[in-house]
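Sharing a structure below in structure tokens format, with a few things to ask.
We call the chains A, B and C, going by the order they appear; numbering starts again at 1 in every chain.
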Amino acid sequence: MTALHDDALLSATGIEVAYGAAAKVKVLHGVDIAVRRGETVGIVGESGSGKTTLGRALLRLVDVSAGTIRFDGQDITHLPDSVVRPLRRRMQIIFQDPMASLNPRHQIHRILAEPLRLHGLARDEADIQRRIASVLDRMSLPSACLRRYPHELSGGQRQRVGIARAVLLEPEFVLADEIVSGLDVSTQAQALNLLKELSAELGLAMAFISHDLSVISSVCDRVYVMRHGRIVEQGLCKDVFSTPSHDYTRELIAAIPLPAPISGWLDPSPRP
Amino acid sequence: MVEMAQRHAGHLDRTQSRLELRLVLAAGFILFLVVIAIAAPWIAPHDPLDQDLFAGLLPPVNFQGSNPAYLLGTDDLGRDLLSRIIYGTRTALTVAAVATAIVTIVGSLLGLLAGWYGGWPDRIISRLVDIWMAFPPVLLSILLVAVMGAGLQSVIAAIAIVDWTRFTRVVRAETQAQARLDYVVAARALGFSRAHILFREILVNVGPVLIGLISLEMGVAVIVEAILSFVGLSVSSDMPTWGGMIAQGRQIVHTGWWVLAAPLLALFITVLAFNQLGEGLRRAVDPVMRR
Amino acid sequence: MNAPLLAIDGLHVVSENRSHAPILREVSLTLRAGQVMGLVGESGAGKTTIGKAVLGMLPRTLRIARGEVRFAGRNLLALPAGELRHIIGNEIALIPQDPQTSLNPLRRIGSQLTDGLRLRRGLTRKAALDRAADLLADVHINDPQRVLRAFPHELSGGMRQRVLIASAFALEPRLIVADEPTTALDVTVQKQILRLIRRMQEAHGTAVLFVTHDLGVVAQVCDQVTLLLGGRIVESGAVSSVFASPSHPYTRALIEAVPRYDRPQAGLRPVPPDVLELVRRELETTE
């Protein structure tokens, strides 16, 4: 595992996160995770597993009470905000609900252009417009949406704006937090394909959080299975899903209803 | 899939902004008041202080015994009511505008800072608000006027000093609610500074609540001024104020009801207009409300 | 005995707003006693609307243009309100979607569970509470007495859903409309709840109209399936045959688009353009 952490772009060891007065409620209990360049890592768990908190902790959006986070070799765990902010360009997040993660009173062109200006990524205004036009094209978004507000777009379009906003900054790491969870199956496939293509084109390191094992199996190389704030199993997707070693992983897999009727699926699994 | 097929050609919903009748009427009326207030010396048919004891207590036109030179009638000292109402508009609007501006800027700023930064700024500001709100407002106003002397400044100060707390409380709560939303997390993840997020992301979303507060506050300011001048604590008695006119009219309501009715009506319609303005403005200006 | 329990015949529902858009287009389906039918479709397909029509709960923004909903031979749409009230809640029950909001947060579970028993069966408070405790035991709640005294917020999501299921079966209805009953639950809890619903349904001989967007759930839990698109029925039949060999290209595309952990490449097969074209044409017809 140390080898994994050594050449990882983003890695964390012994992460603990606690909320509340006197840090009473522990949400993460000593989690180790690593993501290398070019690989897509899945983080799967049910509600209360801590997967969302882990994602936010990795991006320094949530304070950790113990542990170390390294990005590109640098220890960023306790860096002051002013030092972290320029780093943020390199590690981006796409949210589950674009209706909540896009400022409802900003037009799309402002949502996309302001981060570009902040990080000085473009040479001039014309360059900003060019980059935005290019990413809209890539996401199959009509240029008319630039003058619109988020609620004037469809759900799928909003989701693609969220993705566009993240990739415009040319990040090296992207956290996708349950991004297909609210989508219809048909739109889901489109979004997942888009993500895979982008990841390959941009050479991204990606952490994909989801409660849906099947979705993770279709986009991720490796997977971390979380439960109650701990990682109970990890490994290559094909290994974990075909021969899970932890009971909870087995339980998760057995609970997934596949779109092909299996007689006796509903029966309780025999106790070992 | 449904949306994919329907939006495939790229046509999107465009929500229409609704210039409602209420907004047009309210804004129009306020504008009308502003024009009157500014142009008072040219519009008013008479000098509001001009007494003519031979023309005392004349009723408004269309009533028996009226004089067309005095459209709304006269008070017991023969002063033209219409002119006095027109000049009273000046005081009312000045107080409304300045007091509201002070309260908005001070109260909102403190509320935004307390709600966003939390920690000890919040503790200090919230404690201050709690203590401040414990003082009875009327007493505070009287104290202020006693200290500063009567006049427009004292009235404005009295209103501002009492009411800023309300703004702070509401804006703080709204800021906290907004701060919990994902778009704020997104802004942090994009690398924006805390100050930028507060003023460039959150403030615009606190706006609708603020617009409501401001229009209410303007109505409140007009009424408080009327109350203060009713009890004689407002501006010096040579300038006519609606509150002063109400105080005077109350005493002679049996002999000249119009002396009381005119300023009351003016007050009522003005406050109504401010309230409707706020509501209509929110609907017209807020992109989210337009859907 | 061979007459279907529920027969929806040519149900056509339109929206009352300016667009008069059709929400359900000539929908016809039959459900026999004891059968479990999955009503499946993507968002906006109309599956929830059918469920609401059966329950007599269509919002005022929708209007029934034509068609019948026959329950045990009687057209529910033509019944006077009094008779309808006798049927809904009694012979037709609902398992709602969101266990968070479907229970009154200010009333104890016991008081909510006994409402129907006392009102419709005339049981005394004590008798109703005893029966409610039995019902909770039926849904595998270990400590019924504690749960009866509890408030909704004191229970987990899975527990709340069990309470809602108990409530639905309390009056021994002949038909239950289950409106996405497991959508808000974790997948491991979902499996337990699905197993419970199926078990209760088999024990009581209740027919179930199971509304869901999840094709996997339909495949494992339902006997019959009806797939909706844009308010129209696209395909309908026995689960075993529809999933093994779907006849409509939309059905096939949808099944293939579902991600599967046992076939990692599945789920990255978006709906092909010719099917999309079909969908678009389907949605644009105003009939």
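The working rule: contacts are C-beta pairs under 8 Å (C-beta built on N, C-alpha and C of every residue); 3 or more make two chains touch, one makes a residue touch a chain.
Fair warning: this is a prediction, and the values are worked out from it, not measured in the lab.
Colleague: What chain sits nearest the middle when you go by CA atom centres?
Modeller: A
Colleague: Please identify the chain with the largest separation between its CA centroid and the CA centroid of subunit B.
Modeller: C
Colleague: For subunit A and subunit B, let me know how many angstrom lie between their CA-based centres, rounded off.
Modeller: Once rounded, the distance between the two centres reads 48 Å.
Colleague: How far is the middle of subunit A from the middle of subunit C, if each middle is the mean of its Cα atoms, in Å?
Modeller: Their C-alpha centroids are separated by 33 Å.
Colleague: Averaged over CA atoms, how far is the centre of subunit B from the centre of subunit C? Could you give it in whole Å?
Modeller: From the centre of subunit B to the centre of subunit C is 53 Å.
Colleague: Which residues belonging to subunit C are in contact with no fewer than two other chains?
Modeller: 42-43, 271
Colleague: Residues of subunit A that contact two or more other chains, please.
Modeller: 184, 186, 190 - these are the residues of subunit A that touch more than one other chain.
Colleague: Among all residues of subunit B, which ones touch two or more of the remaining chains?
Modeller: Where subunit B meets two or more other chains at a single residue, that happens at 1-2, 4, 6.
Colleague: If we count contacts the way the header does, which residues on subunit A are in touch with subunit C in the complex?
Modeller: My answer: residues 46-47, 184-186, 188-190, 192-193, 196, 211-219, 237-238, 241, 251-262, 265-268.
Colleague: Any idea which subunit A residues touch subunit B in the complex?
Modeller: Residues of subunit A touching subunit B: 56, 59, 61, 81, 85-89, 92-93, 95, 97, 100-106, 114-115, 118-119, 142, 144-145, 148-149, 151-157, 165, 169, 184, 186-187, 190.
Colleague: What residues of subunit B sit close enough to touch subunit A in their complex?
Modeller: 1-4, 6-7, 10-15, 181-183, 185-194, 200-201, 204-205, 207, 286-288, 291
Colleague: Along subunit C, where are the residues that touch subunit A in the complex?
Modeller: These residues of subunit C touch subunit A: 42-43, 186-188, 190-191, 194-195, 198, 213-221, 239-240, 243, 253-255, 257-262, 264-271.
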